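Look at the two complexes coming up: chain A is in both, with chain B in one and chain C in the other.
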Partner chain A sequence: MQRSLYISPDKCTGCLQCEMACSYEHEGNFNPAKSRIKVFSFHTEGRFVPYTCTQCAEAWCKSACPTEAITLDVATGAKMVNDGLCVGCKVCTIACPFGTINYNTATGKVTKCDLCGGDPACAKACPTQAITYIDAEGTGYDKMRSWAARTDNQSAAQA
Partner chain B sequence: MRYVVIGAGPAGVTAVETLRVEDPQGEVILIGGEPEPAYSRMAIPYLLSNKIEEQGTYLRHDAAHLEKLGVQQIQNRVTGLDAMAKQLSLEGADSISFDRLLVATGSNPVKPPISGLDQPGVHHCWTLEDARNIIKYAEPRSSVVLMGAGFIGCIIMEALVARGVKLTVVEMGDRMVPRMMDQVSGNLIKQWCIDKGVTVHTSTRVLGVEANSSGTTRFLLNCDPVDPIEADLVVVAAGVKPATGFLQQSGLNLAQGVVVNEFLESSVPGIYAAGDVCEGVDWGTGEQAVHAIQPVAAETGRIAALNMVGKVTAYPGSMAMNVLDTLGLISVSYGQWMGVGGGDETHLLDESAYRYIKLQFEADRLVGAITLGMTEHVGVLRGLIQSRVSLGKWKSILMQDPTRVMEAYLGATHLNS
Partner chain C sequence: MGWQKKILRVNLTNGTCTAEPLNMEWAADYLGQRGLGSKYLVEEVDPKVDPLSPDNKLIFATGPLTGTPASTGARYSVITKGALTGAIACSNSGGYFGAELKFAGWDMIIFEGKAPKPVYLYIQDDKAELISADEIWGKSVWDADKYLHAKHQDPQLKISAIGRSGEEGVMYACIVNDLHRAAGRSGVGTVMGSKNLKAVAVRGTKGVSVKDPVRFMQTVGEKKQILAENPVTGQGLPTYGTQVLMNVVNEVGALPTHNAKSVQFDGASDISGEAMHEPRGSEGKANLVTNQACFGCTIACGRVARVDKDHYTVKNRPEYWGASGGLEYENAWSLGADCGVNDLDALTFANFICNEQGFDPITFGATMAAAMELYEMGVITDEDTGGVKLNFGSAEALTSMAELVGKGEGFGKILGLGSKRLCEKYGHPDLSMSVKGQEFPAYDPRGIQGMGLTYATSNRGACHLRSYTVASEILGIPEKTDPLVTEGKAGLVKAFQDATAAVDSSGLCVFTTFAWTLEDFYPQIDAACDGEWTLERLAHMGERIWNMERQFNLAAGFTAKDDTLPKRLLTEAAATGPAKGKVSGLDKMLPEYYELRGWSVDGVPTPDTLQNLGLS
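The block that comes next holds the complex of A and B.
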């Protein structure tokens, strides 16, 4: 059974441990600026929204890539960036309507959530279960997915 | 069923892959005009800067990929289309018939009406062959003139500078990338280039390229209004236009490109177009437009193929979107960045840091944007524009601080739904 990240913003306390865990997992240091999951704060409403790639089925980043550097990890469903093939053209960063694949000026490559190979560090670090990693079908498709369907004229056109 | 696809770029390759999946029994033929494996022009700047080898530009890395899919490949130039007889004529070969045709011939570089452009040392930057020539002539300490500071001109500047050449840019417009960036950002990019040691002449025309009899360089370029410029290599990057030359007598409805309906079908049933050559609807303006960009090529290639096999699929139209890296300064533009009548505009500028963001609204919807020096969550601008989401109270927040687009997106789509 494939699993996916399930995010419940109402459970998020804004502690940012997910960002620390993500940056440590991928960069080897605690630098939230390098995290692939970001927590957005809505101070006036007292709310926090963790946000990262939904590994969407349409994979705008993947279809836009001119060098076949983004591929599907069939085990996890993650869309993976192959650093050896990525030339840093950034076309995927403007094609993804969710803004979840970003250019790293230090490496000259793009980065995105890779689900840590099936054991996401953000979900493990989250103390309030605002981020969980559960059966993809069990999520019932969260709000990010429903947003994806709205934006996604490709799947709408196919329906 | 015999499907023929003309053009081995991203649109054509995506189309043949889709055709194979959707109609495993069909005969699929891909005609490419260049003596290369299917490659990506988008990758050429990185070949010029030695970041990749030629293989790194290939669209698919398995050399036998198309063969394994059972796609028959023909390397030749198509010289004409008989739409009624459903036949293509090829250069020096028998004509070829089809049941369904996809025109995915892309674009050709524009050659300005200037004397002296047809000689070794004067090259476009469009094909792999052009890239090989540029590499050959752009020797360290040589003088290189870039004619045109559009998208292609700007994106290859880094590679030319890295090769140690003395670079001069001549642009007819009053700023750099005038078709993608506004006055403020186009001039900031110019200033950035000047700071990096590049000579930039905007509002300047090249009148002719002639042999340099007295100087040390190969050529002398006569210009208006600046003094003649010496050059060993001239790179002509004056824009591109859809490659429709072979269709002039075909009876297909042509404007800038091949005019298509929402199913990417041309005026002749059974004949489709995708990618740079196709002129569909800009869903922002509702007008016909050619959007010669990679994501549109891949999307239209796929959707045209679905329609070719009879899976009726509408394409909602495309919008302009570009990301450009000019000597390390990253710029992005989306949709109607120039604004719309009766709309609202906001911007934030930090000139010394080369950071800029401008947003264009129609009522409480985002319709266009420009950014300079921004690399985080840029794609969400596309999401906001394309989904036509009503921003509500977030519009006034963005009018005050346009950098808060990511919060506006989450606020307008996640918090209240």
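The block that comes next holds the complex of A and C.
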């Protein structure tokens, strides 16, 4: 079963535990500035929205890369940056429609979410299940379930 | 590790920013944040200094767990000699600013002197510079925040600032970070304003490391689980915030009302955490928009709220239509019950103004309540107030005066003095509900006896956060004690004071102590910090910090006479509720407290006590 990161912004409290977990996994210290997942705050609306790479099946970053540094991890579906091949040209950062691949000035390479090899640290660290790692073919099932409950009028009437 | 081992010294008079190594000997004895920041203050500042003179210093201090995944690792404290009190001040704030300062590589900033012209401090990792604040002096916290983000073209910049009230010398100005988190009490923002320092803007990309990352991650994970499973930190606080307490405290007859003339408020349920969830009749939406976490917090008690667009306070003022920091229990009490106002949106608006212009809603509300009592006595007149009727229960009086205090204009200048100076000015000093110049918060000592001793002995003036015996006396944490008796409260207060001083030095939030004890703190600190950190070491350190603060205050001129309560609490019995007929039994608790502390009958630590704590 292939899984995807699935994000429910309505559950996010803005604690940034995901950013710390991501930076610890990839950089070895707690450093949200280097996190590959970012939580955006929309202050006047009272909303927090985590956002990261959704691992496009046909990835713009991968197609754009002139050195074929971005490859598919068949096991997880993640698009991986091979640091040995990346020349830091940043063309992928232009090609990506979502902005989720970014340049790291310290290494001269681009970085993006690699799904932590199939066990994403952000999802494990999230205290409210705003970030989950679930069956890629069933990311809508929770929403379907809640709507399904509403359509079952008979049971609601009895309750 | 845990620490960045580096502090930034900013001499505002000379305009210099200098890096210094953190004094690791002191860090071993005082850990960080409150303890370590206070140690620096005590070593560097004459206790007799005028709080508003350039010789006072202003210290922003993080803890070793600030900026780590330990739950609630957001905290920083501002330590100085308080403008409101003249006592040692240490005001603690969450949000994102403290962690960002740490990520930039700094444990602490020490501001000294006074800038010749208004400035702000801009930090990008190792680089720190003072920049002219001409463009933002005279502006609110919110406008300054917007301006600095735009100017530096950095949405990730974290900003801590004073508003107009801090510039205008309102004696209880806050330092507000991330728009609505505040180092709130004792006038730390007034000290910042006196130094012509408008803001600190920081961007950090260096990160934080700990001693034993594997053990640390394991330990903090287990401790987060405890918070998640606890009914207060896992359910009550995320759902209702600290406002979970409004109805509870009213029912036990400990909600100071009408300047503490009463202990129960008829309108309590209208301004409660439950009411914040109720859809408003006017528009069908609730006051509460969502809850919010500070950095790293897995409790998420913060309130994000919105004022109804048709409410009189914001009609035709779209700048106040968006969501922002909502009511916490203390603010809902001070602006609400203490002033007799039960209009939830009016309180929310007044709270917005406190955040926007940077002043402490507890002291503001309690000062309003004192002014309302004086107005109803005929001592303060319409002439004084510019025609505003300051009757208890008037939402219009509350919100119009909040705006005046925010700008330091009109009668707002008088209200900006705080209740002690205001009541003295009008010849009724007993009507100020304050200790050491600072107003007590939302728990009436007649109905919760331990809080009387808490207020009387707090080193920063009356405060609930120095020993929150409410946890034991009302909520039964860690064990239930009877709120109406004085027996055993001296020991309870001492234990809470010492443990809290340790918690406040770690970088974590005291709200975790609804679920955690020091038993849960020390393994997290030990996995992060150099050296061996045990339960005993933390407890001993807490007691050391408490006595160090006490020594500063004694040297500043405070005596045992100042360890008291407003006359009203000692002589006017509660008229209703479970505490009916009770006054505060402070006189029964205080001598025992001094004895347990190892202090003389005059409240002075004995040489043996000081030696035992390494303070000789």
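Things to note:
In this section, the second predicted complex is superposed on the first by the 140 of 159 C-alpha atoms of A that agree within 3 Å, B and C clash if a C-alpha of one lies under 4 Å from a C-alpha of the other, contacts with A are read in each partner's own complex, and residues count from 1 in each chain.
Here is the rule we go by: a residue touches a chain if its C-beta (ideal position, glycine included) is under 8 Å from a C-beta of that chain, and two chains touch if they have at least 3 such contacts.
Predicted, not measured: the structure shown is a model, and the values here were computed from it.
By the document's definition of touching, neither partner reaches A:Thr71: not chain B, not chain C. Once the two complexes are overlaid on the shared chain, A:Arg47 sits against chain B and chain C alike.
Contacts of A:Phe98 after superposition on the shared chain: chain B is touched, whereas chain C is not.
Once chain A of one complex is fitted onto chain A of the other, the partner contacts of A:Ser8 are absent, as it touches neither chain B nor chain C. In the superposition on chain A, A:Ser63 makes contact with chain B only, while chain C stays out of contact range.
Ranking chain B and chain C by residues of chain A touched puts B first.
In the superposed pair of complexes, A:Val87 makes contact with chain B only, with no contact to chain C. Applying the stated contact rule after C-alpha superposition, one finds that A:Asn29 touches chain C and leaves chain B untouched. Within chain A, the residues touching chain B in one complex and chain C in the other are 45, 47.
For chain A in complex with chain C, the residues that touch the partner chain are 13-17, 20-21, 23-24, 27-34, 43-48, 125, 127-128.
For chain C in complex with chain A, the touching residues are 67-69, 96, 99, 103, 156, 179, 204-210, 213, 217, 224, 228, 238, 289-298, 300, 304, 306, 322-324. Against chain A, in their complex, chain B makes its touches with residues 10, 14, 40-43, 45-46, 51-52, 56-61, 293-295, 298-299, 302-303, 306, 313-316, 321-323, 325, 328, 330, 332, 334, 375-383, 386-387, 406-407, 409-411, 413-415, 417.
On the side of chain A, the complex with chain B involves touching residues 9, 38, 40, 42, 45, 47, 49, 51, 60, 63-64, 66-68, 85, 87-91, 93-105, 108, 143-144, 146-147, 150-151, 153-154, 157-158.
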